[in-house]
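Next come two complexes, and both contain subunit A; in the first it sits with subunit B, in the second with subunit C.
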Partner chain A sequence: MEELYNIVPCRESQLNDLVELLGDNGETLPCSIFISGSLATGKTLCVNTVLDYLNLKYVLIDCIECYSAKIMFEEILRIQGDQGTKCDTLSDLINNLNRLSDKIKYDPIVLVFDRAERLRCMDHSIISAFLRLRELCCLNICTIFISQLVYDNFYFKMGVREPIQLYFPNYTKEELLKIILLKHDAFVYYLKHNYEIDSDINQELEKPELFANFLNAFLSVFYRPCRDLIELQHMAKVNFVKYCEPIIKKEINASDLSKLWRHIAPILKTSLELLYLRISTQNTTEISNDKENDIQPNCDFENTLQLLSTKTFAQSFELPYYAKFLLIAAYLASYNPPKEDKRLFMKNHGKQRKRLQQVRAKAKITEKLNTQLGPKVFNLDRLLAIFYAILEEKIGLTSNLLAQIATLVELKLIAGNKEVDLDSSKYKCIVGYDFISAVAQTVGFNVRKYLYDFI
Partner chain B sequence: MFEIEDQLKLVRKYLKLKIIEDDVKFRGHENERQHVYDLFMKSIEQGESHSALILGPRGCGKTTLINSVLHQVSNEVDMNNDVMIIKLNGLLHHDEKIALKSITAQMQLENVVGDRVFGTFAENLSFLLSCLMSGVDRKCRTMIFVLEEFDLFCHSGRTQTLLYNLFDITHNKQAPMCVLGLTNRLDVMELLEKRVKSRFSHRHIFIFPCESVLPLENLKNVFVQCLCLPVFKEKVKPKRSRKSRASSDSESDTESKYSISNQVFQKCHIDSRQFQDLDPVFTRSWNAHIHSLLDEEKVMDYFEKFSYYIINEQIFRNVLFQIVSKLSPKKPYIDPQDIITTIDKTVAPEHRVKLLQSLSILEFSLVIAMMHGLEIFDGQPMNFEMILNRYTKFANENSSTQSVPRPVILKAFEHLQSLEIILPVRTESGNDTTTHRVQKEYKLYTLAIPTDDIKEAVKGFKALPTEIQHWVNNSVV
Partner chain C sequence: MESTTSVSKGVFLFPNGYNNGKKSKKKSSIFESTFSNEQWYRTFKMNWDEVEDQLRILHEMTHSVLLNDIVSYLKISQQGCELNSCDKIIPCITLLTGVNQPDHVDQFKSLIGLIREDVSPHVAMVNSQDAPTLKHLVENTVWQLINDDNLVGDLEDSFDESSKPKLKKKSLYHEDFTELDFVMIISSYISTLPIVLIFGVATSVSALHKSFPYQVSSKLLIKVFHSQPSHVYMNQVLENIFLTHSSPFHLSGKAFELLTDVFLFYDFSVTGIIQSIKYCMMDFFYADNIKSLCGDREKLNAKISKLTSDDLENIRRLLSFRPFLEVQDCQTKIGLFEDDNFFKEVLQEELHKLHDYLFSFYLSLRLLAVFVKDLPKNVMGKSVREIYAKCATEHIVKTEAFKESMQLINFQSKVQLLETIKSAIKVVNNALQSTSPGPLRSPTKNMLNKSINSLGEEFVKNIKIHFVIFWRQIENASTEVTVLEEDDDDFDLRGSRHKLKEKLLKATRVDRIQSEFMMIRSRFVNYLEEIFEKSLLPPHTQTFHEILFFTEVSNVKKQIVGAPRGALHVALSNPQCYLQCKCCTLPSLESVSDTIPDVSLAYKLHRECGKHINLYDWLQAFAAILCPDSEDPAHDPNIQ
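Up next, the complex of A and B:
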């Protein structure tokens, strides 16, 4: 057992349960086990290590890989040892398994279905049959289902043989700390790989205390929005480099913890914005490619941050002048109710204003705002009308202008037909507010002024 | 003296085998069992044709009933020459072609059929039957068809050819045949086609668990039945006193009812002799231990609780399996506490609450935001923008919450979606054109978790910030 605990840290009770359920060699296996738990809680790892440890014959089936029943059946039949058995239907599978029983008698066999939620997409008889596979074929066979969904999400019209359920809770903060701490070597190696480090500092960096301190600071920021071990490890790797930078450059002493904390706190905060987005991976490979550049990785980091924001992204599009106005017009058409167009875009609409405002004060509920409900469909006429209303100068309706609309559709800024059909085509603007306000800024236009929701 | 470790291993092995594999021993429902037995015997001995349906909820022992009757029948008649049993399962053989293939295989007629091509299903089936008839004395063997998951054979949309033909044969004199359907759907008759229904004998055999015994009594029976060990009298050692031997003899007669039948051993390719090493002294004390567990008040309370929720015997066997698998040299007897925790886990797993508790604070706040939104707008679905709006309102009020950028919140939202805590509202299918599709921020979702579960999750949430705890209970921020 001890060795198991070492391979999979912090999962003692789950490992115990699994070992107990699967039992010693020659004992009868349970009919089926269902394991649920959220991402990166060591479900698959636990099952695999236990099965290896008990030396059982097993097949691991990833339900994403085996997207069709046929592929899955043939994958299962790999336990026979020979490849390429044809197997189209469930009954073929059972027949094949039964044939196996002459050979292996009552030796235990385990089928592990990883990401079992995918099984729901298949014919419902498949998962029902797997849940009672033991009754259908005369083998000492057990099916283990691993899924991040709870069993309640598996709904069976006909009822099934219920599996034994196990739940893997998330790692707590302390456990996360312990697990990442185990990877200390990898982190240091990664650091050394990317930097040229003096030998005296080298030893400082290898101290586990330094790493533990870093992790404490790191988790205090990141534990709140993220509990995914994989993502946390990735972010820790990126940020540990930053943490050690001043030490390498001999700006801060490795033992000066409070100074280091002051150094890393703002960096952690900014990198929080990159959580899950994996933008920085591209950046880090860049660093490792040309090591001379390592003097200013901090600067690079800022760059990626900027690239990330919608604003610069919008500006990087560099649309033509009229196309920008067309896009703005499309946005306004999508997010304003048509009956308000007159009030928003015409010079003399005067009279109604006061009464309308009173009505609006009562009626406006945040959840019912257009900007929250999503874009509405509009036609070409309305788009052009708004376009001419917001554009100060007079230009003719040329084919060039219409071609711009097609371009915007092609760029997936507007949803609709690519061909500009003057009569029937319907459009919808599919960019967000951040994007459009960035575009509007470049042409000196205030979008907020023309949005019904914000008046 | 035997090593306690070896003894325990044997006990564990034996009990597990009994709990999982024993599908022959059938308890209760004497009338129904007799009914099925009579049907079989009439078909076999008098050459009558019958059809019947056995109905009962899941895990009430329909299959076990058939197995036990077949087991009994096999002791009384010559199975090899007079009877042919064909078992089909709706899960596997709901397709006619596959079913026919399986029937052919079970009749061992693959060679006869060879590459012959048949026009219709009926032709094929009658050919199979005629093959059987051309035996030595032109006397056909009785066919017993057992159709498990009978409801799956009655697929709507396609014709019920298999059922039609099977029931049709029971009406002409071609061959004595007994068709038995097993299902858990009480409305199965509604699913049948008219022509199938008219050929069915309308003989229904209902099996309801706990019809004659109280659920609690039933559980106790199963508990004793599954966990007690048989005493093997062969192992009584000569050096023991005569008195004890005499008593053990009489006991072994009474306690042999706890043994597994040889059929099961054969099926599992297990040598039953290895279990004769079980020390009678140990087994007797073990059995006493099992009986004493039934006297414990706490255990009985939990059995009662279990019987309130579940009457499916398979699930109870799962519980027993888990209890037995916990036996180890360090813990050679069943701990009542284990029974209690296992039953608790099975009856009310509360995995949904645990799932909620495993969310990060950010994700959980989104769930709360959504819960409040749904409360205010009478359960109207919400999109990401609305939830974000609600969340930012809350986050701005409470300066202690770290501000997180929008893309990260969107990721958290998508995670909730992949965990199926929130479910997309299904729009009218069909108009899937580009203009009708919406961006993911505006897709409408509903919460798939009841409010009670969220409130329950808050109670056990580790290190939940106080302001969020407060926020759960009053929506106004």
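Up next, the complex of A and C:
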């Protein structure tokens, strides 16, 4: 048991449960086990290690791969040892398994379904059948389902045999600390891989206390937003390098903890925004330095953050001139009520002075601001009408122009149908105000002037 | 001389143009057989092939840097793989390709070629359209990766199979990122199967981040590469291939503007603009033997001698021939019309002159671009392309913008001016190098050149000498204003207001005394004005410019900028335009007759009404036109 605990740290009780359920050699296996728990809590790892440890015959099926039931069945049949058995239906599978029973008698067999939530998308009978697979074929077979969802999220029409449920809770802060600490070697290796380090500092860096201190600081920032062990490890790896940088450069003494904390705290905060977004910061000195590319090699967090901010994002967009106007027109069409179009876009829109006051009073209420309510649907004709209204020059309605609408849809700036159909297609502009005002700025257009909310 | 392959080869270069594929098929079958004996077609084909070769070279050059970067990153990531594989993280390259750059396909093809050569033979490219579902995606990729294997049906099989090769690279050209599952699957195999994903993204990395949920994005280690913005590439294409004196045909100002407008305002597509130019070229050359005079200058004489008298007659009808004719005396005029041989001689001379003009025109264009590039306010535009559009439509020296920029040059500092002159000399040298082995003049031509103030190579050599001299002079010139009297006044500065006034007055006068540098500078600017005045005359002032310049914009506009609604309207209101039948001749657009197609008739009638149409009236009118005899059309079963 000890070696199991070493492989999967901090999961003692779950390991115990699993071993107890599957362990005794003479006993029959439980019919089915359902394991749930969020991402990176060691579910699959635990099951695999236990099964390996108990030396049971098992097949691991990643349900995400099985886009059709056929693939899943054939995968299960790998348990026979030979490949290429054709198996199209559930009954084929049962038959095949029954045929097996002559060969292996009552040796225990385990089927593990990883990412079992995918089974919900398949035919209902499949998961029900797998839950009571042992009843259907005369084998000592057990099915284990591993899923991020709890069992209650699986709906069944008919009564099914309830599986034994196991829950993997998230790691606590202490457990995370303990687990990441075990990886100390890898971190130091990574550090050395990236930097040239003097030998005396080298020893300092290898001290576990330094690493533990760093992890404490790190987890104090990251524990709240993220429990995903893998992601935490990755972020820790990136940030540990930053943490050690001043030590390597001999700016801060390795024992001066408060100074180090002051150094790392702002860095941690900014890198928090990059959680789950991995942008390679690998040193690319070997890459021939082209002018346009050398922003990248020493790409810092700030740099990456810049990439993500809306404004620069919008400015980095290189759209043709008319496409920009089309986008603006789409935005205006989405966020202005159609009945106000006349007033907004036509020069002689008639008298509306009297009602203007009322309108103003209405518009002031923030809950009613169209810009806050999200985009409304509009049709192609309205889009084109607004487009021609805001565009000063007269241009023909050419196929190139219509093709731009499809392009905008493809770029996911406008939601709608790619095919431009005059009668039926409906669109919606799906970019925000910040974005559109940045785009409008590049063509010297004042969006506010044409937004009903701001009049 | 003929080879059927070259045309189709040219078409393969732009495989993404849908229209083009169609065109090419027709061409190789019908075009080739009908026109291969025609002079103009041969010239067209030769010239286009040449352009295409140049394009290919340029294309390879521009992409090579980026592609090499990517490949070397791939090689590095190979080593990094071991580090990441424990976390199930896929190294991933994101190539930001830019909006609407239809040469993505080309770019990716050459990238794949490079990867096959340098990194690994196992590359698969999947287009988002080709992979609507996970099943398609997986089968498509796996099939590409092990294309000798026949058993594609089973995913697991194939993955086992493909795990044998040591390293596998996947180049995934994917725009929609719909297949999140695919990434997850790869991530679960990453420890046994080194895979690198390459995404082509049109806009920015955030598009990737937005379209992936966090489970997926945390599995990707993204490295971003930017490809060159397409307008830079277009500038390169235009400057290096079409805006040179060696280009086989030249676009007039208007045509050029139309094409660049389509690019800048509508689609940002370099392939598109090249295709449009090709179309212009086809239109230009089509069925016109005069156009065989385009192309190499050395072959000009031989080509002229081959012209038939019909061709010569056509040339005589060119508009630009008239002003030329008016200047000549009576004897020559008669000679030009009567004597074909004499006309050929004149034609030859004039065409050589035209070539000389072109040579100095494009050179001056580049020089002008060099000089105005760094000026504030950008009155003339920055790129050669913009300046060309201006120069080709009007005589640039007479415009306000030109005068303003010359004035601005007159304010430039010494260092700056030296710098620009240096780059200008470089431009001149380049131009001279590229042609020096080329056109060797016969003595007669030399004489001619002198008579028209020697444009052409002589002119350019002259410019070079002048520039070098100016450069030396400016470098040696002192910038100090040599004024001596000023020193004495300093003592009484605190004196009365009157004195101060006097001093200031004096100072204004002193300013007029220029330093040596200033003098040379203004001389230099004068010289610049002089050469530009001479060489930047717009093309339409030249005799026989129609032979080399494409001017008929209106002909191609319809084809290049399609207007679906307009076309529909024309088709319905004037069906003869497309049907080309005799029966549908209409006296005016509004008139109706019973011979035109029913749809067209209905359309015309509906246009006669106001906003609302009474269906009954409409049909009545329709019936009245079709069968004017029947008294009570309401009882006609055909209409009901």
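General observations
Simple rule for what comes next: the second predicted complex is superposed on the first by the 324 of 455 C-alpha atoms of A that agree within 3 Å, B and C clash if a C-alpha of one lies under 4 Å from a C-alpha of the other, contacts with A are read in each partner's own complex, and residues count from 1 in each chain.
The rule is short, and it goes like this: a residue touches a chain if its C-beta (ideal position, glycine included) is under 8 Å from a C-beta of that chain, and two chains touch if they have at least 3 such contacts.
Predicted, not measured: the structure shown is a model, and the values here were computed from it.
In the superposition on chain A, A:C31 makes contact with subunit B only, not with subunit C. After overlaying the two complexes on the shared chain, residue contacts for A:D453 are found with neither subunit B nor subunit C. After overlaying the two complexes on the shared chain, residue contacts for A:E206 are found with neither subunit B nor subunit C.
In the superposition on chain A, A:Y167 contacts subunit B only, with no contact to subunit C. By the touch criterion defined above, A:N140 reaches subunit B but does not reach subunit C.
With both complexes placed on chain A, subunit A has more residues touched by B than by the other of subunit B and subunit C.
Judged by the touch definition given at the top, the superposed model places A:L277 against both subunit B and subunit C.
When the two complexes are overlaid on their common chain A, residue A:E175 makes contact with neither subunit B nor subunit C. Contact with neither subunit B nor subunit C is seen for A:E340 once the two complexes are overlaid on the shared chain. Overlap of the subunit B and subunit C contact sets on subunit A: residues 39, 276-277, 308. Residues 20-21, 23-24, 26-31, 36-39, 41, 89-91, 94-95, 101, 105-106, 125, 128-129, 132, 134-136, 138, 140, 148-153, 158-165, 167, 169-170, 172-173, 221, 223-227, 269, 272-273, 275-277, 308, 366-367, 371-375, 377, 415-417, 426-428, 430, 432 of subunit A are the ones that touch subunit B when the two sit in their complex. For subunit C in complex with subunit A, the touching residues are 65-66, 68-69, 72-73, 76-77, 80, 83, 87-89, 91, 98-100, 133-135, 138, 154-157, 175, 181, 184-185, 188, 202-207, 209-211, 214-215, 217-218, 220-226, 228-231, 262-268, 561-566. Taken together, the subunit B residues at the contact with subunit A in this complex read 9, 12-13, 16-17, 19-21, 23, 58-59, 63, 89-95, 98, 101-102, 105, 149, 151-152, 184-185, 267-270, 312, 314-315, 318, 321-322, 325-326, 328, 345-346, 349, 351-352, 354-355, 357-362, 373, 376-377, 382-383, 385-386, 389, 402, 404-405, 407-408, 411-412, 415, 418-420, 434-435, 437-439, 441-442, 462-463.
On the side of subunit A, the complex with subunit C involves touching residues 39, 62, 64-65, 67-68, 71, 74-75, 78, 83-84, 115, 190, 193, 228, 230-231, 233-234, 276-280, 282, 284, 286-288, 290, 292-293, 296, 307-308, 313, 316-323, 395-404, 407, 410-412.
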